[in-house]
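I'd like to ask you about the structure that follows.
Going in written order, the chains are labelled A, B and C, and every chain counts its residues from 1.
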Amino acid sequence: MNPINLSTLQSLLPDAKFQNCDSLSNVNFTGLTSLSLANPSDISFVASKNFVNEAKASKSSLLVVSSETSESLGDKAIVVVPKVELATAKIIRLFFPETKPSGKRSANVAIDPSAKIGSNTDIGHFVTIGKDSVIGNDCIIEDGVKIGDRVHIGDGARIGKNCVFFDDTIVGKRFIVFGNSTFGGDGFGFVFADGKHNKIPQVGRVVIGDDVEVGSNCTIDRGALSDTTIGNGCKFDNMVHIAHNCKVGDHVIIAGQSGLAGSVTLGNHVIIGGACAISDHLTLVDGTIIAGGTSLRTSPKTKDVYVGWDLGLTFPEFQKYRVNIKNIVNLNKWLKRIEIIEKKVGIEPKES
Amino acid sequence: MNPINLSTLQSLLPDAKFQNCDSLSNVNFTGLTSLSLANPSDISFVASKNFVNEAKASKSSLLVVSSETSESLGDKAIVVVPKVELATAKIIRLFFPETKPSGKRSANVAIDPSAKIGSNTDIGHFVTIGKDSVIGNDCIIEDGVKIGDRVHIGDGARIGKNCVFFDDTIVGKRFIVFGNSTFGGDGFGFVFADGKHNKIPQVGRVVIGDDVEVGSNCTIDRGALSDTTIGNGCKFDNMVHIAHNCKVGDHVIIAGQSGLAGSVTLGNHVIIGGACAISDHLTLVDGTIIAGGTSLRTSPKTKDVYVGWDLGLTFPEFQKYRVNIKNIVNLNKWLKRIEIIEKKVGIEPKES
Amino acid sequence: MNPINLSTLQSLLPDAKFQNCDSLSNVNFTGLTSLSLANPSDISFVASKNFVNEAKASKSSLLVVSSETSESLGDKAIVVVPKVELATAKIIRLFFPETKPSGKRSANVAIDPSAKIGSNTDIGHFVTIGKDSVIGNDCIIEDGVKIGDRVHIGDGARIGKNCVFFDDTIVGKRFIVFGNSTFGGDGFGFVFADGKHNKIPQVGRVVIGDDVEVGSNCTIDRGALSDTTIGNGCKFDNMVHIAHNCKVGDHVIIAGQSGLAGSVTLGNHVIIGGACAISDHLTLVDGTIIAGGTSLRTSPKTKDVYVGWDLGLTFPEFQKYRVNIKNIVNLNKWLKRIEIIEKKVGIEPKES
């Protein structure tokens, strides 16, 4: 952790307004933390109006705030920024700079002579790289990564320990992935004949755009005939599964343990919460949001927030659904009430 | 990709009828792709009647069709086959032959002297093989695979990068697995006593039949006392979890991110869609189909298609359920209607 | 498997009552198995009253029983114990002793000179250990494990093949983990600005207590600012995902394919079944039980058993819900019945 001072912060955040900060010019800040944990040498932040009182009580000597909360904290040393989370992210990065590659390469590797490795790229221990694969400049390939043949990895990538890239996988620039993820395994395609499941060869590729981040223990399968494609700027959490032939747009978010079945198409800026299952061949238009825990079986027709177990409910409908859960558990009593009424008013009772 | 000509196709598909193909005898086909993407040098295929018009417009000079669509395409050069997908799979394999082992072995390995490795088996870099393990003939053990003690892997297996086999795992012939899957880890068994969870030793094995394919990042746990067993011809997608003591029949399909809890028994030809959770000790009879996204808590009594969150609904029931989702969100309004009726007809209103 | 005799069993289970065992003093038991599979040289066990008849028919010459079943089996050679499963677990361990470390270290490793490794610790092949990391005494670090910088692993740990520990992860004593699990990858945190998702640096750690067991292909992410913490005695099955900033108490059970979203707090002795999704920022109090397949969106207020897709139902409520599933599929018919009644009694029909 590097201590930083006020002028470094001012350079980092040129659009920010620093108020009541005169007394801080000699302070070396040593960290950024939550309001309640902060010491005088820590920067802290006020995420929303709900935290104003906590901010007043905090020992932090410098608070990152929005214009919304700056007035209530007018007597504190504050940094007023357009977006608190974004400024905070930048400050944290100052304290904890990213590890930079330096071109160091382990001797304990197995790299095919035909593979090309860019300048200033680190190669960890027990890495393998196959025929005709190309690794860009300024990459970090961590220990135990296994890369097949004809794989391309763009400049500035950071490939976490023990990840696997099967043949022909193409990855853009500044790609980040953590541990034990697998790219380019065969899609799941079989045809039943003669009493058994016969494999359909999977000869498409995985093609991933720039600025994509993937968590740990994810899987992205190669396409059957065409490619599985992931756009630019997508961010996937841990244990996300993308099946063959999916076409994922730009800046798509998929949270942990969610999966896309085969041939799903996601527009740009789609957000999928955790533990979601999207059925095969569905299409989600740009900006669609699927709440966590949703199992989706039909393509929603419009951009909206959808949620629920196979309900295809919009969020307002879902809220009514939740209200009615207590009614569901009493339905059998209701049925008796309807039957009693029918008897009383002389209606022939019907089955069900 | 190997270019192929008509006579090679005729040898490959002896039961097929080639119609209007005289002009193609000198063509070297260079690929097989979808109707819309095909060039004259590509073979394409007509999956069903829905694609007849697209087929007529396709630039492909040779179409694989069924007898159902052959008449509508009578003036095209066509190959009429009993099952389009199966013929297509065979043709793709011609263009993209499987990698064959050649007996090459990396020197960067750690193989116990007591282990036996068959003839013509490839061993990748940084592979480990433990005591008394036996690898068959004609296998490909890819880079980074870690194999424990007393593991048996049958002839013709292809073990993907960084997969792990714990001690005593037994795998049949022609096994395929992609990356980062784990076999033979301990089952999840504890007994609560003295305020803590005490481990029950897991001393059964994993025993897998012939012609099984497993995706990436799957887990199959060893049995507690008896074995976890997987029959012949089973195909599992990515992130499938099989818990201890499960008994899986032959030719079972399990799609991505589905799991079997402990001691589940699956008959032959069971199909489980993606993102399903099958509770412990359930039994599914031969041919049962569980639709994707289903959480199953009771053993269905008959072979059928089941679907739904804990509903145990057959597919026709499920279709009625879906129709009624819109009713669920209005149940609170219905309750008021029932109460108004009761008041009007002089029935004492009841709670709930 | 080590054969064992009666006196060894008597030493192992000092609180047990051995009845009718005089004739067994010369028997060498060779295993412990289920009642139906047991031979005379096998010990077996009677899990509950339901198995008394099977016990009478078993060929096993020694049965582990509880006081509940001991009377019914009064003429058999029995070992009466307070908790059958616990005694059984101890006996199995006698037959299958745990592998003990012996301090053997592969030469095929890459261990930073600043790392410290305790006495009697085994290091497998192709293991990497980064700067300033500390491995305790009596550990087994299996083949292919990749450990980053400043990682601490406590005494007596057993780290399974190909597991990954990113920088700064702290693990207590007697930790067990199986294959391909990943610890300390970045949490999933982004802030949307300027049309893209900007990474929030994740600078907290993973801190795991003593006596924790984790299955295969699990992921536990580092915290954003504060740590992700796991208490003592927790047991996690395969493919369990713990997101950043979660605080998990002591002796928590999480079954396969379940996940905690970010900042979830679990009390002590919480039990979460398989395939559950716990939404971010929820809190479960001590002793809460979440049944398998549950997607939980609100924090239950009391210790209880909860179950259901977003239902937040207690178990008794859930049982009523299940009864009413058949009613849900008929709701559209009920609506017609209500409408008919309304018409008959002269109530203005209402929409929905």
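Here, contacts are C-beta pairs under 8 Å (C-beta built on N, C-alpha and C of every residue); 3 or more make two chains touch, one makes a residue touch a chain.
None of these values were measured; they are calculated from a predicted model.
Enquirer: How big is the rotation relating chain A to chain C when the fit is done on Cα atoms? Please round to the nearest 5 degrees.
Expert: Fitting chain A to chain C on C-alpha atoms yields 120 degrees.
Enquirer: At the interface of chain A with chain B, does the proportion of residue numbers present on both copies reach over half, so same, or stay under half, so different?
Expert: Homomeric contact, different residues on each side for the most part.
Enquirer: Mind checking the centre-to-centre distance between chain A and chain B? Centres are C-alpha means, answer in whole Å.
Expert: Their C-alpha centroids are separated by 26 Å.
Enquirer: Could you list which residues of chain A touch at least two other chains?
Expert: 108, 126, 144, 162, 180, 217, 239, 257, 309, 328, 330-331, 334, 338, 341, 345
Enquirer: Can you list the chain C residues touching chain A in their complex?
Expert: Residues 108, 110, 126, 128, 144, 146, 148, 162, 164, 166, 180-182, 185-186, 188, 190-191, 193, 195-201, 203, 217-219, 221, 225-226, 239, 241, 243, 257, 259, 261, 277, 279, 295, 297, 309-313, 317, 320-321, 323-324, 327-328, 330-331, 333-334, 337-338, 340-341, 344-345 of chain C touch chain A in their complex.
Enquirer: Where on chain B is chain A touching in the complex?
Expert: 32-34, 37, 83, 85-86, 88-89, 92-93, 95-96, 106, 108, 124-126, 142-144, 160-162, 178-180, 211, 213, 215-217, 233, 235, 237-239, 251, 253, 255-257, 274-275, 292-293, 308-309, 322, 325, 328-332, 334-335, 338, 341-342, 345-347, 350, 352
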